[in-house]
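In what follows, structures are represented as structure tokens.
Two complexes are shown next, each including chain A; its partner changes from chain B in the first to chain C in the second.
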Partner chain A sequence: MTIMVTALKEKIRRKDLYIVSAIGVLVLLLFGTGSGTLSIDGVAVTDYKVLGPIMLTVVNAVNCMLTVVTSLGTIPNEYERGTSHLVWIRKVPQWRYHGELALANVLAGLVSEAILFAAMFVFMLANQRADQLWRLLPTYLILGINVAAVSMLTSLLSVIVPKFAAGAIAAGAALAGIFHSLLGLLKDMVGGFGGELIRYALKLIPDLHGVQAQAGKILYGGRAEAHVLLTGLLAIYVYTVLLFIYKTTSDRTAR
Partner chain B sequence: MRKAIVILTGTALIIGVIVTGTYGLSKEDLAIYQRAVALEEQGGNIGFAGFALTDYPVAFYDGDQDYVLVWEEDGYSIEKRKAVINFIAATAYPVDDHYEVLTPTIQKMSSLLNMMSMGGMEYGEEEHIATLWHEAFHCYQSTFFPDNVNAICPAEVDGGIIAGEADTNPQAVSLFRQQAQLLEEAVKAEDVDKIKECIVKYKELDEERKMLLPGEVIALEDYYTRVEGTARYIEASVYKMLVPEQFDSAYMDVISEYGGGSTKYYKVGMAQCMILDTLDPHWKNGFDFSEPVIDLIYARLNV
Partner chain C sequence: MLECTNLTKSYKKKCVVNNLSFSVERGEIFAFLGSNGAGKTTTIKMILGLTGIDSGQIRVAEGIRIGYSPETPYFPPFLNGYEVLDYYAGIQRIPKPERRAEISELLDTVGLENSRTRVKNYSKGMLQRLALGQALLGDPDLLILDEPTAGLDALGRLEMMQLIEKLRNGGRTILINSHILSDIERICDRGIIIKKGVQMGTWNKADNNFKSLEEIFLELVGGTDI
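And then the complex of A and B:
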């Protein structure tokens, strides 16, 4: 675990994680505490039951995109700096090396999620929901599935394709995952070749919106659908296995 | 050992995903079909001779497959098939040698409408049941009166001419608004004299308006009013049986609301059917779509 701990420490030292998280928290606090106004059809949205899911959507979206950013460079940067070479000569297997770095990415994503959840904490207190604060823990864990899925996908891509391409694909996949249900409806509306294309693309993209919807149900005292959560976990599993299986050459140059 | 753990974890996840997945038609959609069919015994055909929802298969589209429900003597049967049309639409559609009601599942339909209205439109089981009846009525029209329906206007007429001609002519729009208002008043009138007063004015405005628009627009308006208007009348009648307390706000109070496109003709067509109900409750028995409903009103009132 030394590799993972070192990589995580380095991430925590970097400022970008905190800057982006802070912006997210600021936005969330503006809406969540009534300092800012969100309106639909000219009517200010202040109801906890309406505002809560919107906040959760923002947390999910911000965190997924932030996770792409924080996960993207970890493995390629190691190759660029030549650190990987030092690891190879110590006979550390590649799957373990990549795996630990990817795990550091996941943990960094979970740290930023925790920072964003601080805003949710304040939001619930501001809405007199202190008795429901405990629900933030299962909500956090469920949204963590999205963090892990996006992070593992980004790590996997960063090993296979150049960093720029990996970033573009991972960000696109994360966006599509956030709008998964919307794309599903779009598929049904357009039909034809376009519809078929979206249909197959959606099968490859993790349903980040679906997982977020389950987190929302838990936050509001409902029951989550196990199927959606298990599908999210399966996506993480597939990305992880692919990351373990994929072999790159030890003298690989920086991508 | 490590490989075994990895394989076992993957297997467990796959089994979990399969076991917890919902397959087949949802209970909600099944309940919708059963409630829709049950209305038939309560007079859901509203008097149109030979019209029965159960004569037409109802296919629920879940985004991938159609679940086709067919009514048989001892209940219904369900069959899964490849979707006939791979997009969301509630419609009457020819399949092999017959017409079927094609509809998205309630989950698909409500999420679509919710998204399109930014959460401002509620669409539930009752609305979906009414939609099934609306589309089943189109199946009835196409099955029994295809020639009369097709004769109303050429099939190749583009619906866009409504937006391009009728909706952009300020005088025609103003006259239509007044006509729709008169129909709403007539529908809500409690005596025949009041209805006649409204219909006389309506006819004068109608003649004036027809001078303003091209013949193909008038024909298309007639098509929507006659074909879609009667289907909306069925839909409204079914909705009234299901949710009487919301019937006025959902159908009666919006007759004169003007909107771009074809929906306004659905509303005035429905209103015309309702007026005829007051004048002659048996008008539907034998109605074959060969003449506009408004002409039947004129004839009953000697206007």
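And then the complex of A and C:
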């Protein structure tokens, strides 16, 4: 786990992770504590039961995009700097090297999620829900499925395609995952070839919205649907297996 | 200890190493000489298994450990020197109890203080020293140094040469890749000279017929290519 620990240490010592997370926290606090007002159709949203899911949606969206950013450069940078050479000559198998770097990405995503959850903590306190604060832990863990899925997908893409393309595809997939239910509606409305295209895309893209909805249910004392969570975990599993079996070209200096 | 026979390598149909043969004996400092772009680094990468071989053979004595210092060393910038060595020692699976003592000794050997200064604040000379330090982890039998004085000022070069001389006196086998002839002449025993991937000749300090390495190099490679 040396590679993972060092990669994570490097991420944690960089300031950009905290700056972006802090901006996210500020935005969330602005709406969640009454400092700012969120309006839908001209009606101010102040009710805890309405505002909570909105907060969770923002946490999920911000964190997924942040995860793409923090996960994107880790593996390609190792090749660009040549630090990978000093690892290869020590007979570290490629799957382990990529796997540990990808795991560091997931953990960094979970750290930024924890920072964003500080806003949820304050939001619940501001809404006199101190007795329900414990629910933040399972909510955090469930939303962590999305973080892991987006992070693993980004890591996988960053090994297969150039960094810029990997970032664009991963960000696109994350957005599609966040608006998964909306795309589901669109699929039925569009029909024909476009509808089929969306249908296939939806099968490949993890249902980040679905997982977030389950997290919301837990936060409000409901029950999560296991099959939605299992689908999210399956996506993580598939990306991990693909990352392990994909090998960069035998000529490692070519990258 | 190391024997390369008829090594050939091409990138995109351009032959960068052509039918190269040489061997490195135990306890010597072997020089790999050539101008920039002669194919020296590619050959080293083939020896280390970092790039494939099109044809030829590399034979390394069974069970030997190889340490490698790259031409342009880059380390995780947010770590300090000790942490960098600890990182590579961890990958090499050097047991933790031995690690601390070995790293402190290596930092001392390469002349780096065990300070909190992060690698991103290191000078080029300090980076080269750290690169040498990580190459020495695990007490390797063969040390491969790719342009160990690249980018260093006169004092930095002098210090690096003294360091390599110290290693030579300790009986270590070293393969040095360089195009700085005065450095090579000072510390190496023998070597080969290549040009555009082709072996142009050999050099042996003990058998130089009163010619300097520079003169031999100019004869074999030609002045315009230096």
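Rule of thumb we're sticking to: the second predicted complex is superposed on the first by the 248 of 255 C-alpha atoms of A that agree within 3 Å, B and C clash if a C-alpha of one lies under 4 Å from a C-alpha of the other, contacts with A are read in each partner's own complex, and residues count from 1 in each chain.
Everything below uses one rule, namely that a residue touches a chain if its C-beta (ideal position, glycine included) is under 8 Å from a C-beta of that chain, and two chains touch if they have at least 3 such contacts.
Just so we're clear, the structure is a prediction, and the values are computed from it rather than from any experiment.
In the superposition on chain A, contact of A:181 is made with chain B only, not with chain C. When the two complexes are overlaid on their common chain A, residue A:233 makes contact with chain B while staying clear of chain C.
Of the two partner chains placed by superposition, only chain B is touched by A:241; chain C is not. Within the superposed three-chain model, A:81 lies in touch with chain C and out of touch with chain B [touch as defined at top].
Judged by the touch definition given at the top, the superposed model places A:90 against chain C, while chain B stays out of reach.
When the shared chain is aligned, no partner comes close enough to touch A:131: not chain B, not chain C. Residues of chain A touching chain C in their complex: 2-3, 6-7, 9-10, 13-14, 81-83, 85-90, 92, 250-254. Of all the residues in chain C, the ones that touch chain A in their complex are 45, 48-52, 66, 68, 70, 72, 74-79, 83, 87-88, 90-92, 134.
Contact residues of chain B toward chain A in the complex are 6, 9-10, 13-14, 16-17, 20-22, 61, 63-64, 85-88, 104, 108, 111-112, 115, 118-120. Listing the residues of chain A that touch chain B in their complex gives 40-41, 181-182, 184-185, 187-192, 195-196, 199, 225-227, 230-231, 233-234, 237, 241, 244.
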